[in-house]
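One chain, chain A, appears in both complexes that follow, with chain B as partner in the first and chain C in the second.
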Partner chain A sequence: MVGPPASGRARNGAAGGFRDARGGARARGAARRRVPQQPRRGFLRPETLLRNKWAYRAASAALPLLRARGAKDYQIAAIECMLSDFADAYLGRKPCVFTSAFVPTELVYGLGGVPFLPEAASGLAAAFGLGAASLSACEALWYSPDLCSFHRAGVGGAAAGFLPRPSAVVVTAHLCDGGKKSLAHLSALAGCPFYIIDVPFASSDRGERWVASQVEFVAEDLARRVPGLSVDGLPRALVASNEALTEYREVCALRRNVPAPWRGSEALNYVLLFLWSWGSPLLAPFYRALRTHLARTIDTQGFPVQSERHRLLWLNLRPYYRTKLFEHLERDRASSVAFEEYSFAYWPAMDPRDPFVSLARKMTSNFGWGPIERRLEVIEKLVDEYSIDGVVQFAQWGCRQSNGGAAIIGSELRKKGVPFLNLDGDGVDDGSGIEAQSITRLGAFIELLDARKVGER
Partner chain B sequence: MLVAGIDVGSTTTKAVLLDGRAIVGEHAMPTGVDLALAAEQCLHAACSAARAAPEELEALVATGYGRDRVTRATAKVTEITCHARGARALVPWARVVVDVGGQDSKVIRLDDDGMVADFVMNDKCAAGTGRFLEVMAARLGIALDEFGPRWRRAKEAARISSTCTVFAESEVISLLSHGVRPEPIVKGLCDAVAARLAGMVHRVGLGGGLVMTGGVSRNEGVRRSLEERLQATVTVPDGSQFAGAYGAALIALHLSDGRGGEKGKPDAP
Partner chain C sequence: MVLVSCSYVPFEIPLALGMPVKRAVFRETGECSDAYLPRDFCPYARAFMRDHGRDHVVAIAGSCDAMRRAYDALRYFKLAGGVCFVDIPRTSTSASEEYYASVLRDFALDLARAARAGVPDAVAPAVNVDGDSFRRRLIHAAGSMNLLRSELSGLSRLVDEGRLSAGEAASAAFLANDALGAGTNQYPHEAPGGSESGQREAQAAEATDLADAAAAVARALHAIRTAGDPGAGRAGMSQCESRSRRHGRGRPRVGITGTCLLERALLVMIEQSGLEVAFVDSCIGLRSFDFRVEIEAGAGDPFRDLARAYLRKPPCPRMFAGDARAQRLRALAISHKVRGIVYFAPKFCDYAYYDFADMKRRVGEGDGVPMLLLETEYGSAGSGQILTRVTAFREMLEGRLERG
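Entry: the complex of A and B
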């Protein structure tokens, strides 16, 4: 199904929680009144800071200072990438298009807009201590706590005024069901067009053509309805994406090194950028800087986890709030997350002359969609390529698309002699679990790997 | 060669002292609010039983949720590994270990060599744990020791549909207000705990010797409900509540033999 719902068309301007680029609230009273008060006041309120152009200038000006204090080039490049998109979105410099996590963002960059992923923003909100406020705001809108917290925090973040105002919302029907419904709600709140791209469960040429036709419709309709968007830039975005992909494949090749040249806990943070920035001209410089850093780390043997004992493959996301889980894993247990499921670039290079088919192919080649064997095949390939000792599935609360297959994946991996841990947790809601229990589970899993290594000797 | 293991659990702290492989001292006491103090006192008491001092220990392994508060520990190992090791030593034919402690429960599958092959822990709430039973016993006004006799006297089990401690307590209150006797309620509670444990057992795979450890292993009602549900014999060895501390002590022995891991790091048992 493609196209804006009636509710999306009808409501222009009156939106719960959304503010314009100058920070003026355009919320309907009821929705705004339910939002809990933030502890910060005035200029330091995050919703105010995010819409202040001086805040972006100050942040940009502070980058050399960060570098002087030891920040790596790739970290600076990542901040530049995010700052650019946030400034475009919050200051209204470009039309902001909300997307779900598996929409190819090249589509939005190519149209001349800026993508904004509320799910990924939820991870950032959790990292900056805004997770609880966002979840609380969502609860006030009668959302069930059964919904994945990445979606709840996205909706709540919008209600609390933390998110920019979208000009349109584009989602895909594959993988994540909660995402498309919560984003449909955001489109209704913002009074902007809503598009849903249906991706068939079974992979086929016919299905790919069907998706391509939808992408073409969405692109052209967006260009027609949203001022400032045009399909002319699509080939350019695909070229930028390909350039980043080339760099990224080099990064992945370096990450196969034993010991791991990059701290997995940090790599899991950058999954958010991985979901967000394909098609941005700033992504290739980031991966280039990261590639240089990893090559230097390998050359100088300056590995983040010295005397690495075990290498893990991490499935799904991580807790983005402050947690001792990874400190325990990396420092106390000398074990690395060598690679992450969500860091796997599953799509082929794109053809800028055929952008709609290329974007469709990116969606249909998502290994998380389709029969479970498809995901399992990728996981087994990653286990081999990254010399993995054990697989950890972070069972994000409410994440059906990932948790639904965990039992089969665990069983199949065990049959092949790869230990598997299903680690219950929540990536955004730090109040939903007990950290000590998670540490014990992960610790026991490492001890299991220890025992296996002793047995092998 | 004196070594010790200490299990600082959420409810009870246990210590076991070994001279070689022989148990020469053991002690259990409530953990209370000061975990470090409880660990120190428990260790001293276990050492006193063996007429030794903690300073004489060649190795001390700490486990349990308070393991990080045991400053004098040579190594810290999770309770999963320790319970597996302890249960296997207590019951050599053990293949599946069900450990139910104060705040969590776990089921561990052992391989042929007694190593942890797989494990599962309860989710984040207190359902199926010792704390659940404590709260219910308090609400019923009976001691936990009475669960066994009352389970035997019960002709049927009251239905406790919720495994959430708070909601289950409400159900118990409701049942009492409807004049239901404590016996079927006790059986219903034991069945509810057993249902959760059985699900966990099936996740790791039922087969081979089934052993129960931890404080709740002494609760005859839970054990019998679990046996009924699994249609299998559940072995509860003497000193089952000390299994974690005993396993920790055995790992300490392994460490002091010079075959263990580095100081402060978990050992491969």
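Entry: the complex of A and C
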């Protein structure tokens, strides 16, 4: 259950780019020096900017300008949510706890800390053009380019100084192997406590109890070892999470509308918040604003893809760097990503009086964990609920847990008459040079859907 | 027969059920594996993608994402008579041992069900895995496996002393593995209870079962002892290996580590390229042999004893054992006086990639032990590219030796 206490520390000249809130590097080593130099200088360097309190004040002050320039309320709410967490993490206002993607973040918010998900931050890094620098920094640390680029960019981002300094690291053992191993490495570099929560493969009461006991231990041990953390706020975080979940389920109900009221390419960007912010008091306002926006879109018939011809279900993540893939899909092919697998809220509302069992239940109910039948069940449910014409799995390079199911998912969907495309790609590495091929394959898939529609007539 | 995918799955359980068991070792990836698993998957997981036949049960451990998906594909595409999943925790705390004990009990029940599939109750009554008879069988199986492990560990000592090549030791391990997997299922006889004569009959049958299991172990032991005896059974070993062994002294000594190294050819190639292999820390090496299982004869939970022993064995890269793995590798490097470490990684093995970076940082750069990463597919051990890399590594080590 619990990993090495303060495992490793950055010893023996090991590399490490973690910096404190003032931007001073705590550990610089051989590999740190191998990191490619950033073209920007001075305070414009991202690692400096992220640790500058004036940058956050300026960003907050700029929000009304964004609104004046047409940004929607939900977009502003999302930026506020992320800005708040980033300021807490980078300026050291709260203890920062690194987590893997499927750790319930309610645990960290409830303890009074701020979660930071390096693999999710990799998507942001790619969007802001820092993907290549992060990947390059990771490879300098002897990591293979055959590993998932989201995890590599997380490790490389830390080495390059892009990430805040963690006070602790918590991972779960389910799903991505890379998530837990890369974060174990980051914990060793930062010299902070590391915890792993083992999640049983099969659902059972016995397994749930075991997970709950691990969560309880992690919470109490974190509260004991990391100054500023306390278990007192857990019920409050669970209430906030439930409130957001209620709003979110309304959002999902609205997204069943045909045509889709929300651009799928944008929805895939917000998977970041979906992974990151449960338990934050700022998540419910975001989903509330989004719900209002979607309802208004449906009322006014202002759909992003007006003459929607096909509705797709998107499995796994997307490329987060600038890509023409979705422009091609939505504008040229009049097809919408109606829903995304990673936006599916799979857990029941939590009981604030029983936080550890609730958090354990959230982990054990992850449909990506366990036999593949659980994932198939959710995919089929989403196909029905969102009137899906075809399913696209973005086969992220190095993502074994998701890509390994492609043959079975394809076979099962074919039995039900739903076309399936396994689209190779890389969500972070814009140098993978696969975009043209992806557009061609996606185009052929849409033509297949066209032909089926003609056949149906 | 039960085909096992991981060294954390106890052989003792199938042996106690009278089922031949072996670690799945493949010469190459399955012909049609592309149809089941993506190409960027580790060759070991992909190699499972073949028709194993109706008589075989495949026990897949939850080692990694790739093996979990292999488990799904084996079941979904019906590639084996039975497919079991063994969910191995990643830590060895008291709570995880308790959980793993329950997993092993379920595994025993699954195997027992698979073994008697289609057999009427009258012929083969259900095995009570919590009963005394099964406990006795487990104790016997653990004793046999302890003996095997101890013998194989002895071969490792011979390798360290330069009296046996690592390739020969690996051959012995594979022959022992094959010997355990030979034969047919001997479904255990359960005591019918009640009458005195019935119990006598059941005890006699139990003795027969144990004798069958002992015969398999004896075959395995013979394979090991033949390899380990300098005066016997050399015919099966290639001259090349023996020459390599005799001339091993004075060459740079290296250790081999990695995730699942199940290819003897790689060891032979490394030795033929002029390196002396001092230890192999892998699934066919020390990690699998350097531990014992002690099952209490009293009223304790035998699965708990098994779980404790296996979870506390030398950790492999998929475990989260803190600094234990680096410390062990460092200790092996020092005690075996090696000049370098060859890290073997099956292509696309995530745990190997992460572990290599970690070991490189802690043991390689930290302790000044040069490390070479070798990534291979099945059957590519003899390729020129791999040979060139190993030769270059040897030259580098020799250069360091000359410079003192």
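FYI, the second predicted complex is superposed on the first by the 443 of 457 C-alpha atoms of A that agree within 3 Å, B and C clash if a C-alpha of one lies under 4 Å from a C-alpha of the other, contacts with A are read in each partner's own complex, and residues count from 1 in each chain.
Heads up, the rule we're going with is that a residue touches a chain if its C-beta (ideal position, glycine included) is under 8 Å from a C-beta of that chain, and two chains touch if they have at least 3 such contacts.
Since the model is a prediction, treat every value here as computed from it, not as a measurement.
Look at A:443: by the touch rule set out above, it reaches chain B but stays clear of chain C.
In the superposed pair of complexes, A:451 makes contact with chain B only, with no contact to chain C.
In the superposition on chain A, A:432 makes contact with chain B only, not with chain C. Of the two partner chains placed around the shared chain by superposition, chain C is the only one that A:372 touches, whereas chain B remains out of contact.
For chain A, the partner that touches more of its residues is C, with chain B and chain C as the two candidates.
Of the two partner chains placed by the overlay, only chain C lies in contact with A:180; chain B stays clear of it.
Shared-chain residue A:143: touches chain C; no touch with chain B. Of the two partner chains, chain B is the only one that A:333 touches; chain C does not reach it. When the two complexes are overlaid on their common chain A, residue A:196 makes contact with chain C while staying clear of chain B. Applying the stated contact rule after C-alpha superposition, one finds that A:214 touches chain C and leaves chain B untouched. Overlap of the chain B and chain C interfaces on chain A: none, as no residue is touched by both.
The touching residues of chain A, counted against chain C in their complex, run 1-5, 7-8, 11-15, 30, 141-144, 146-148, 173, 175-178, 180-182, 184-185, 188, 196, 198, 200-202, 206-207, 210, 213-214, 371-372, 395, 397-398, 400-401, 403-408, 411. Only residues 332-334, 414, 419, 424, 432-434, 436-437, 440-441, 443-444, 446-448, 450-455 of chain A touch chain B when the two sit together in their complex.
Contact residues of chain C toward chain A in the complex are 35-38, 40-41, 62, 64-66, 68-73, 75-77, 85, 87, 89-91, 93, 95-96, 99, 102, 318, 320-323, 345, 347-348, 350-351, 353-358, 360-362, 365-367, 373, 375.
Across the complex, chain A is touched by residues 65, 77-81, 104, 113, 115-119, 121, 123-124, 261, 265-269 of chain B.
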